[in-house]
């Protein structure tokens, strides 16, 4: 049994979540519970099923069995768009931005789910659309500025021209602009050097402070990266959750050491 | 030197993927390539195999410049690969998968098949099963067997422990040692540094597309930064 | 700056074109398909038209130079409308003749009417062109026979020969549908029976389903309303599927040597009706000689004589009233003109009263006038008669 | 069964054979490159032109004994097929390979454009190209009775060719090394690369075969319907593509089933629905739309998961 | 964003282009037309080589407001220049009608990345519905036009349905199938006039005045086509405004997003179903409007004008001009309407050249003559 470290209500719960591709059990009966306002780390080596887990939480894959409850409602069978509207937003390991669009366009689209002018305003009251854009653009740039002011000043640049680190920053800003209740970050530090990683993790922690009700689920293969920030971590290996708890608890779990640190 | 990369750089569009990578693998060695996701391990392998063309630098294999060759030519020179994520042909049987491995090799298949069945006896019972229906461990075996069917001088293993249960990982690394002992040079790309260094003679650590550290097994294990970053 | 410059240039162009107006030139328009699938028909007619104008210029009977403005309608109503607009935009054009396709004519007729310019239809045979528009608009006349006339003529002929049961197949073009309508009513008028009616797509190659349906009814004759390609295919596939003993017949849409060429041996004995065989008309040989003398690269085709006569009718009207659009149009309507094919007058719908029709039969790979054929003489027997 | 029904059945089999062959080509191309090659119809009609041209040249050259005649006819068909295959390879090199990593719409558009170009070139530069062309009658005017149904020599040849071609394709893909490479490419393009398969050569082969299959379908069209025209390719291509989608894009068996299903629908709708013959295409496309709404993966298609 | 480029280069550039277009339209001779095309191409190459092209385009981009006014004036003057030559106005009007259709098609092909070959069919639906209501029921143009637009929009939605679960290649096939199906159905039903088409479609009436009727003012006769031309221009202006607003709104952003990356879009709450259906519906409404304008302009509508070839032609226009760039779309449409009309003698080579142009464009300049660019936001106090 996992130990509850606080009494905030759970936002996301998975029960017996299983995904099978042909003969391959990518995920085997995973139970997980994430509370409101929590930073949760999901750790495991490559191929442990972390990304598959995300794909099920966001509706891209339909689980073979098991259930995903977001805020007391099952999201199994819902489309990714519906799940996003319910408050789950993710980033991608390979950084899926809209490559032919500018930084600002990408960021603006992050706010897509919020209230916005409809068809009538678009066609007949275009100034409303303009002011809406301006307002949201200002907000978007304020967010991305926190990561890198250079990005905010060069907002008309195509994202395909950006470096990997900058793309990652744009992607995370875009996710935040969607005001998620549950933010899923898929290896946000991939391709960064240790100092960049540290900075990013610091930024994420600050984010959590700014939006205290938002829960963040971070995938990492390297547990040291999130050691400082995650309140809870769960370890996945070969599709099975092998441990859960605070970083220190998990770190000393013999099974984890055996599996994850390679038997040292 | 069997394989040598002299200051190889690669970029994808405007984004730089590899930055002056120098790397060498000697005959008979097991060399590991370490680094976290996105550090450039896969790009390095793709560049060696000619899937991605390098902008500059030189790639020598067996004394020949393979930097401008097409992938299949590189592979026919004697490099074979068990790719990341296995990449089996899911609707083909195990046997058919192995036979595809012969693409670069015109030799008698029976002998080669015997050799892999000796390494992985389990596969013998699965010969006519579609590869997509195998379990994760079996798929990993097929992937390596398929690469071995090419009788490579250099075997590249890209994340072979991907998604494997700890027990299997252990067994797997034993097999790698066995393959190496039979005389195949191995370049091993791993995220799991501890495990990989255990079986390697030497290693390179990649970070943001550049070689960040290199040395023998001992040197790397003792390197503070490497320990801190990759060994937990 | 540059804007003004461009306006100047523009103004220059306009002055240049209006200067040309002063010259003594009278233009007569020709429209027809000069590109696309029906280009052969259109080019032949254009050449014959051109010949008429050339001869008129040579005759010296006109105090101005006559000029042909030949425009392509590409068998497409929209293109035809463009061409018609171009013609009426040119103030020197006094009258025009046009079109092989009825839909194109339907699109251009209102344009000519609005501009009080005469249009003589030389090749489109849709009934409504005169029955409806000719009646409404005095500008519209036609020198070729209407589609129903051809069908009545054919039905009459076959009835006389003793054909009583028919299968009617038509393509789904305007032409095909009209053929079906008029053939159907004509056959019924003569007491014949239509056993099956079926439509095919233009461009269809697989006639087997419709033919198979026809096989079941054992008709004495299969009538096809459509054009050459599909007709040849039908005839070829008829022989394959067991309709060898039914007559194949049609109207002028099939009247092309291409049919015999494509259908090969299977074509033998096909009966069609087409606009008159003119070889017996007085003055025909002189006309052909004149045409040949001009060394046109395309043969005259079946409709050349109509566009030739249409041109001459316009010229005659021009001679009577001078180059004025409205007057020319009026004069054409009331004309009595001895043309190549006979004396032209127009009834109240603008349709020529000249009836010019011949039965042809395919004999040894050629269309032969019924009167001269081995079938008439009894050496060969028409298919499908008991 | 009445004779009329049998005749309709024969018609649909003859048509289905053509659709299936074209559809197999689509499926092979799609497997190899994940592209839809919209100019399959152009190969189909091009082959008819080449074969008919060569045949009429040869038949005008004089008379031959039946054995020599047969051999030469066969050689001409083979030559026309190979030429079409080469055009297929050329098309791959010039208008499909440049778009291998481009958005999917690019090869769609470029192959549609190639289809137009081939069609127009035939129309404009083949002697009398815009006219209907007669396919020379090379088979004896004989046949046999199957019950009450007469089957001509040409039709028997078509049937035989269909069976031989289907078997040949099956054997090629399952028993030969090159065939298995093509299958491997269709299952995982990158892995095939990594196994040392000369992917470009295998793709050339695929295009050669695909275009040749379209060529065979073109010959069948000529033999059965005797007349063809430059603009008949486009529709045949679209029908073949529809057939491969109905059957399940990527599956050779699916293509065969889809081809016959489309042909049956079309022929019987034309035959038994009043007024159906003029709008027969509406029925076959209707089947396509139904499948896309209800079962987009086709009869034998498997749903593939998107890689994220 | 620097905004100090002078409008001069843009003015000179557009004036030259305008003059060239006007001269080209005025010339009637085939060989002069050909010569002009060659000269024009040479001019463009020189302009690109000397950098004038880039400078001019930059200047136009930076002075959008002034340039729009200039373009507006140019366009309004154009018909007046050809007072004596209604034929040119006729062609220009046709081109403008097609522009409305391609603006709609651009929503699908350019913005949302869905190649739609059925735009010709939607054009036809708009035209037929409007024409049938007019001819059979005598409804005025101002009712039949919206009806035609609505019918086309509904058709667009229906066609969108089978494409929802499918991918690019299926989508193209569906549109091709729909183009053929609608063509065949219209062709084979009696109440659509069948192959005979619908003749005698009336002209629109506004304030008791029939548009398209010639007006005589003293010695000057204004040809009927002139008034129709201005009406079409008014519609084109409306269509442009609507297209621009859609493009620069949440709709446009969403379409671009689903074009670039469907999965990513879905994960940000964009409903593919909704966006695609909207793209189909809006795009076909434009086509429906164009069709209705066409039918009442020519006064005759037949199936030739809704064939698959028309759809193909429209796609060519969008690709040639520049996908997702409204100005580009207009340029592409004008080029592909006016040049073939001038080179009618080469009509037989038209399809061949479309095919070749399409291949060459895709290989060498897939972004079209005027490539699309990211939306430029000018935020105060930034950059």
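Each chain gets a letter, A, B, C, D and E, in the order it is written, and its residues are counted from 1.
Please note the rule applied: contacts are C-beta pairs under 8 Å (C-beta built on N, C-alpha and C of every residue); 3 or more make two chains touch, one makes a residue touch a chain.
No experiment lies behind these values; they were computed from the predicted model shown.
> Among all the other chains, which ones are in touch with both chain C and chain E?
In this structure, the chains that contact chain E and also chain C are D.
> So if I look at the partners of chain B and the partners of chain E, which chains show up in both lists?
A, D
> Return the chain pair with more inter-chain C-beta contacts, choosing between C-D and A-E.
When A-E is set beside C-D, the one with more contacts is A-E.
> Take the average of all CA coordinates in chain B, do the same for chain D, and state the distance between these two points in whole angstrom.
Roughly 42 Å separates the two chain centres.
> What is the distance in Å between the mean C-alpha positions of chain A and chain B?
Taking the mean C-alpha position of each chain, the two centres sit 31 Å apart.
> Between chain B and chain C, tell me the centre distance in angstrom, where each centre is the average of that chain's C-alpha atoms.
77
> Mind pulling the chain B residues that touch 2 or more other chains?
Residues 90.
> Hey, what residues on chain D touch two or more of the other chains?
275, 278-279, 281, 306, 308
> Spell out, as numbers or ranges, the residues of chain E touching 2 or more other chains.
Correct list: 184, 187-188, 263, 348.
> For the complex, which residues does chain D have touching chain E?
Residues 30, 35-36, 38, 95, 98-99, 102-106, 108-110, 112-117, 119-121, 124, 238, 241-242, 245, 249, 275, 278-279, 281-282, 285-286, 288-289, 292-293, 296, 306, 308.
> Help me check something: in the complex, which residues belonging to chain D touch chain B?
Checking each residue of chain D against chain B gives 177, 180-181, 183-184, 187-188, 190-200.
> Using the touch rule from the top, collect the residues of chain B that touch chain D in their complex.
My answer: residues 49, 51, 70-72, 75-76, 80-81, 83, 87-92, 96, 99-105, 146, 150.
> For the complex, which residues does chain D have touching chain C?
3-4, 7-8, 11, 14-15, 130-134, 150, 152, 221, 225-229, 231-232, 235, 267, 270-271, 275, 277-281
> Please name which positions on chain A make contact with chain B in the complex.
Residue positions touching the partner: 21-26, 45-49, 93, 160-164, 187, 189-194, 221-224, 237-239, 258-264.
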